[in-house]
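I've put the structures underneath this note.
In the two complexes below, chain A is the common chain; its partner is chain B in one and chain C in the other.
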Partner chain A sequence: MPIHWKPRFLWTLLVPILSIPRSLASETFEEELTIRALPDGKVASRFSFSTLLEGATPRNPQNLSAEDTSQHYTLFPLALGQILREYAVAEMHLTLNAGKWDYERWGYPDETDVGSGAELWAWMGDGAGATVDERWRGLRNALAGLFCASLGSLDELRTTSPAFSFAPHGGVPDAPLPLAIRHASMPSEHVCTENLTSFLKLLPCKSLSGIASLLNPHRLFDADWHGMGLHVAWLPDEGVQVRLTFQSVADPLRASLSKRDWSFASMFDRTIDRTCPSTASSRVIVALPLNEAYSIHPQPSSVEQGHAIFDLEGQNPPLDVSMQWAVDFDHAAVRPRSAEAPLSVRRTLQGSSQDLGRLSVFITNDGTADIQAAYLETMPWIVQFYLHTMTLRVDGVTRDDLIQNISYIPPIPHARAMTFQAVLALPARSTVHLSIDVRKAFLRYTEHPPDAQRGWDLPPAVLVPLGIGSGVERHGRRIYTPTLLVDLATPDFSMPYNVIIFSCTLVAYIFASVFNLLTRRFVVLHAELN
Partner chain B sequence: MKLLLDVGLVFPVLVAGRLLLALTNLSGVLKHNHQLSSPLTSYLNLQEGIYLFKNGIDPYSGGVFRQSPLFLALFTTVLPTSRTACSIIWTLCDAIGAWALVQLWRARQRVAQTSRDGLIAAAYLLNPYLFLSTLALSTSSFENTLALLSLLFAARGLASPSLLAAALLLQLSLSSVLLLAPSILLLASSPVSQLASPRPFVGNGKKILPLLAEFLVYTTVLTLASTLVSSGWAWIPQTWGASLTLPDLTPNVGVWWYFFTEMFDHFRPFFLMVFSIHLVIYVAPVCIKFQYDPLYAAFVLLGVLGTFKPYPTMADPGLFLSMIAIFPEIYPYLRYPIVTTLLHLHAALLMPLFHHLWLNQGTGNANFFYASTLVFACANGAALTDCVWAGLRIAIGEPQDGYVVVQE
Partner chain C sequence: MPPHIHPEGTTLRDPSKLFHQTDYIRRLIIASYWVIIILAIPLWWQTTSIERLSLPTSRVHAQAENKLRFPVHIKLESVQDASLPSALRHLLQDRIRRSPQAWKGLDVRVREVRDGQDVDAVEPADSYTIKADDGIPLVSQRQLTYPVRGGTLPILADALASLLVPPIDAHRVAQYSPRYRLAFTLLNEDAAAGKSISGWDISGAISRHLSPILSGLSVLHNFTIESQVQFHAPLAFSPTRLDKGYGLTPEDLTVFVNSAEWSLSSSVSNDPVLHFIVFIPSASRRPLQILDAHGLPSSSDAFLLPQWGGIVIYNPPPELDAHVQLPSSALNAVFSAFANQLLALLGVPGLPREMRTDASVLTGWQLDALLRRRALENAEGAQDTLESIVKLVDQIENMPVGQDVRGDVQDALTALDKMYASASASLNETLRQSADALTLASRAFFNPGMLALLYFPAEHNFAVYTPLFASAMIPLIAAAIREVSVWRKQRREAAQALE
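== the complex of A and B ==
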């Protein structure tokens, strides 16, 4: 009897699993690699892997206490899906970048979020049983585990809510609850191989085939600039889209001073040997030079608007796209500033004192038109602004009328970060100099990091040009300034006991002396003369 | 010499000199100085609070502004905020303080005028601890003046003004609640020096409770006014609460800041409680021991505050030191005035130097400045214990030959 019992039991187990109705919508996976030569001879490449869960909507946070519907995906990364459902995240963006994106020489990046270090922002429905802050904490920690990054340090001290500069990309679900944003950035995060490994695990073909096979950590982390991103958004009428991106700026001129020729083999040390079977579309797009002689190999599938498009389906593997220029690169011809990005920002923290400093921001508008721009500063509480010292100058002339709509959330020591946002009017062909005095805080000795003398990295400021876009993008793209390093005064870490002992001794000594005098009486004694 | 000490001449000359000094650009240099202004009294923070208040942002929603809402009310309506105007206001406030000290001395001596008046005015107006703080536009100048006015009115028996000044002082600084007990005792008795002839409390003990009630009424009214000005109760944890929880660890001349910088997190609440209670512990014994001379009790408690207050500035011990001038009867009984003076000199010279080495030059570390604040606390403690000793020892007088005076 027992021999027959076991297989029958297994069969009864299997029946309900197989008979689950596939009520979930279909999923499509698309991958794309965009390569373009930058004006200064470097080559920017952008990998984009997007998975669309058709017909899905973000979870309603009001149903968080109820049991969630079971999740079955074929292409959509389950580990990520679970996190998104668990914390009812409507939209989420995580970027891990290394290096400083040089807007002046490279223009705008293909992916907007290029702030140095780790940056995470999420829109979540507000007002449910579990508060936004609780879910934000959970999201942070879950992503920290998923990406092997220290995102857990994006705590309350670094969290702000800059709703204007970080508007949702996708649609806002018709949920009964309003959405709230949480944003935090951690400029000192180092991006490395372990982050890429966990990034690749979210792809259906990992790095075994398709465009993802070019993601070779040895080459990518050797690039002048590199960054990876995870973007989740809800697209109305389509579904939930997860987009994994990887951007890098390689420098072919590093190997040879005059040849800026590149190929997959030279940039990634790999070629595409086979296609990923799960993709709906898999394309390599190369921006073609406008007024220069070049040759591109192999023959592109099609050419549209100055872009060569290689459809991986139609190409014979192994695919190794390469590009050669007829003439050598002329370093002298590099223009210092790209016309595409008329705004450039320089931000410094001045003053050698560990007590007071001055934040000085130079914003140059090279265009011929005046530009309105939203300027956002988010600072951990260790740097406190003295807003009454804020001045705006254009060519040495004070122009306080250029700043408007200041919104300011002051920092709370040991608890809350500061948010400063204002709309700046940037006159054409001029440089606006904004300066604010800042006070550097004194921390408890337990609040200092182990390498306290290194200083604290401050998040980048964000500048959003207003009203220059068209259509859906009403505003221009975000411009991130470089990060800053602030040098805080440190106590002596070796002697907490000594300080406690010294101070207590002093207090006790004075206390005892006073009480000794107050409690004992004076008496006159006859002196014995020996 | 007599002419030099004549208050009618000395006082205007000194005030004029101070005004001239105030109009120089010294305040621009000194206003950042951590020894002259603490986070609770700093002019920069006051200006920031006024700016936020004027621009419709609640200054108490953050952690920068920690002064009383009464300052907001005054500086956004009556008083100007430009630095020159402020320098003049602060100096005039010091002049009132000096005048109050002279009047206090006259009330104690029960005479209309003495030859020491000019000297006492000079002791207040020329005390570097006090006038540098005033030049740095630290609001502790207002605290000192209010403390002196409260004592002066109490010495003259003017109950309501005295209690009002004490209530205002409490709005500016929570720790000054220590002065309430001697002020009320002073109102119930007399300011005349009784140090040499101790006796039980002779005043009218029945007056104490109504006086206390009156003080509570003033405090309640002012608290409600502050709440009205700042439209909310958030100012209480930001101003009074800061004296109890020490959220801002900016270095100052006191003993709290480095102790709580280096304190282990799980012991922090315990030691905050110990340090806060430690201040209050002095009130009863000092008032009981000096029940025959409440003005002296107030003086001793000012010494305690100058040494152990949570956010002291140079002006706090400065007030104690200047007040020694109105108790000349204790001078012969001071045991080690020279040692105390040298300690003060040592600390006053080393503190700015070590502060600069630590924070600006980068060649010293926090221990340098901490050590000099310890010396400063020793100096203040030495002055305090010496004054308590002398105030008690005076009752015995000089012993005859063959006799010695000892403590039981």
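== the complex of A and C ==
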């Protein structure tokens, strides 16, 4: 009888006993809805549901091969907790956005990550038995299953490691291993109801009570812009925090040209009828207009710094917050650029050929001070940069001194994406024009997507202003450019059999002609004249 | 002007005198085409053929004939009457004859031990002892204390039958797996309706009620434990209204689990999950009771879904405050129900009703019976799977068989061999080998590489290639036939000329 076999099993028995301290860790759930009117008359709302697992730390990847402790959760979503433990993820951010966030008209978003389509980035401890890339693949596939999104296609062809622009939000655990980042984005991902359904399943009260009951897919997916996010971070003194966010930009002016009044009922077609019993705090925060006459209903619980705060505990259900303006909206008064976001980026891909093109980026600094900014491009290998053709111009004058610290990880065809990062100096009140020639790849037959003729979506570039903030937020918030669409040489996929048959026939014809010439017998016929 | 009119003075050359128009060269050209084609056939055959390694078919069939046999040694101790062992032997033989299916794989031997002196010199490792002693029958680790007398022998034989081959409801028992996930869920039907349960002391309850069972079963399975609390878990149907509260009919129980709305399952591993659910009805639907077939409330508040898990319905007392932890009395009741459900789902046999035990959780009798049954199941499963693979590969000629499939099949056969070798020595080892054999056989059976060309049949290839090959081959064949007929004609003419 093999004696060595038993101790392994006995060891697993200790696990439930060892896990007792972890399960005593308390969990708190807070929900918040922030609503603010945007300068152009639209209304931005941001739902934030955050669950804190107090005292918890991310799993040390060195212990991945060993048995994990039992996982007991009350408010924290178990399905997500399992994924985080299974792949020892220290921090991760997943966003699924639809539409283009208009920085010039709307200013900065409440949640930074607004790149179109799906974006996933994660920080994981490096150097353990299971490599970061293996765990990254597992994480992608697990989240794809959890959110019913095609995150599985965020594969090696789209994965990069832009550590600077995507610095961790939370703390870095005292693990002996350094953290490594993996980032991938999929601009062509369509955000849909099934993503929201699985998103809602992660909430303790689903969408049946509390603020989450306003998340009505029929209205949210009708908004001008909408996006959902999942943010997991380790806050050193608190624990592991999971934050689920949903942002949308509704347009009350769509229904009536002059009235920008809104209410829960008009924006979401729902009201808050019941409170969720498991929340520690549940608040609706409405930004109040500064120099305009308005009325807000019902009476807020408190008003702080120009924000009306409705505490769901103190309000009588059903709660239907509504806001009316005294005067009609004046479309002419909309200023095209808000002072809040001094930088704006325009990025285009020029050139009509399917072989070569030119990437052209215009970065405008409207502010009165010079700004340093880190510019990041993460391109799949299908678009390759000719770095020697890169030029920077300000008002037509070449200014190569404006670019520093270029770091470039070249793409590997069919295998790795490209990372290009540079620090740009953006002079005050001017536009910097960065241009670079690109080559478009010729793909293999099997590498084309099912809708090959549509073209390929390229991920947004990211601009991070440097040295703007102070303290922990040393750098400004990320600005995402709109995505691009590139047209690659595409074969005719509609009739492959016809193509095969035509070319086979041609080859057979040529073969037979040559063969006949080689083997034909020539004879002289003597025709009798007359 | 016709082309064959030549200017005066030029002589007309006979084309057949040209170098490339000689019969010999022309025939060489045609022959070289055919030679290349014939030489290319093996290459074409090799590049388009499917890798089909031969499977150890004869070993698989031979292995299928093998039957697992477990020796079961029963020692009778301190028996007064020397005829009792043989009488017991006969009674057991009689029972084996009556239900051979239940006793399948068991070789029962009864021996007598007198005054500590074993009649048989060889002492088997796992043997069971029956000690004759008056009093209430007592089951210890591998020992049974029983008042062995002539009159009680038939009852003893029945007791032995239910200890060695306990009756089990096979439909309930989850399929064997070396590792299970136990998922505990506290489900509030609607917490917002008030008086919900906000949490439970799950770790304490598990260590009190389940850990002894899990440690007792550690030779069979590993367990991963997880738990969650949900605050909104609507039912997919409306329970029947009763005079006082609501009721669940037996039909309702079959559709009780609302898997669309309850996020119970997780996808991080492939281990089978056993679910254990405490369901707290909404405040407006209390008390929720389980109804029997006659529509009357039954005394039980728990039910078991075969191979899936167990569910306990807990109606909080009306005096309970809103939003509290699950009271400890309720927690204990719930977890003792869970413990019973877990035993039933894992196929752990109970003890005969009239017997007491001094073992804390499981006796050696129960554990051995379970080990034997699981090993037999696994062995049969592995043999069946291996036979299916061989049959499938035989039937579908397009199915590739790679090195990994063959390796898995061979390893499974080796594990089966080891299992037979260890059957008389160690039950644990037998079970482990049988589990290995089953895992390997299933892995071979579900190998994705075997599906590779299943949907790319030869007809497709021909449909694509025919436009090329058919049209290229026609001139080749025509030229060959023409040349052969010319050559035969020339030979015939030459023969006639000789005559």
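Following the convention adopted for this analysis, the second predicted complex is superposed on the first by the 467 of 530 C-alpha atoms of A that agree within 3 Å, B and C clash if a C-alpha of one lies under 4 Å from a C-alpha of the other, contacts with A are read in each partner's own complex, and residues count from 1 in each chain.
By our rule, contacts are C-beta pairs under 8 Å (C-beta built on N, C-alpha and C of every residue); 3 or more make two chains touch, one makes a residue touch a chain.
Because the structure is a prediction, the values reported are computed rather than measured.
**Student:** Go through the superposed model and pick first if A:Val499 touches only chain B, second if only chain C, both, or neither.
**Tutor:** After superposition on chain A, A:Val499 lies in contact with chain B alone.
**Student:** With both complexes overlaid on chain A, does A:Phe511 touch chain B (first), chain C (second), both or neither?
**Tutor:** Touch partners of A:Phe511: chain B and chain C.
**Student:** If you stack the two complexes on chain A, which partner ends up touching A:Cys205: first (chain B), second (chain C), both, or neither?
**Tutor:** After superposition on chain A, A:Cys205 lies in contact with chain C alone.
**Student:** On the A-aligned overlay, A:Ser352 touches which partner chain: chain B = first, chain C = second, or both, or neither?
**Tutor:** first
**Student:** Check whether A:Tyr408 is in contact with chain B, with chain C, with both or with neither, and answer first, second, both or neither.
**Tutor:** It touches chain B, and chain C stays clear.
**Student:** Just chain B (first), just chain C (second), both, or neither: which does A:Leu387 touch?
**Tutor:** First partner only.
**Student:** In the overlaid three-chain picture, which partner chain does A:Arg444 touch, first (chain B) or second (chain C), both, or neither?
**Tutor:** first
**Student:** Quick check on the superposed pair: does A:Ala332 touch chain B, chain C, both, or neither? Answer first, second, both or neither.
**Tutor:** neither
**Student:** Using the touch definition from the top, say if A:Pro491 reaches chain B (first), chain C (second), both or neither.
**Tutor:** The answer is first: A:Pro491 touches chain B but not chain C.
**Student:** Starting from the residues of chain A touching chain B, keep only those that also touch chain C in the other complex, and list them.
**Tutor:** Overlap of chain B and chain C footprints on chain A: residues 500, 507, 509, 511, 515-516, 518-519, 521-527, 529.
**Student:** Within their complex, state which residues of chain A touch chain B.
**Tutor:** 352-356, 381, 384, 386-388, 406, 408-414, 418, 439, 441-446, 489-492, 495-496, 499-500, 502-503, 506-507, 509-511, 513-527, 529
**Student:** Which residues, counting only chain A, touch chain C once they are in their complex?
**Tutor:** Per the stated touch rule, the residues are 1-2, 5-6, 9-10, 12-13, 15-17, 19-20, 23-24, 67-68, 70-75, 77-79, 82-83, 86, 142, 145-146, 201-202, 204-206, 208-210, 274-278, 497, 500-501, 504-505, 507-509, 511-512, 515-516, 518-519, 521-527, 529.
**Student:** Quick check on the complex: what are the chain C residues that touch chain A?
**Tutor:** That would be residues 2, 4-5, 12, 14-16, 18, 20-21, 26, 29-30, 33, 125, 190-192, 194, 196, 198-199, 202-204, 206-207, 210-211, 214-215, 218-219, 222-232, 234, 261, 263, 266-269, 322-323, 425-426, 428-429, 432, 463-465, 467-468, 470-472, 474-476, 479 of chain C.
**Student:** With touch defined as at the start, can you tell me which chain B residues reach chain A in the complex?
**Tutor:** 32, 34, 44, 47-48, 50-52, 55, 57, 59, 61-64, 247-251, 255, 257-265, 275, 278, 281-282, 285-286, 289, 304, 307-308, 358-360, 362, 365-367, 370, 374, 377-378, 381, 384-385, 388-389, 392-393, 395-396, 399, 402-408
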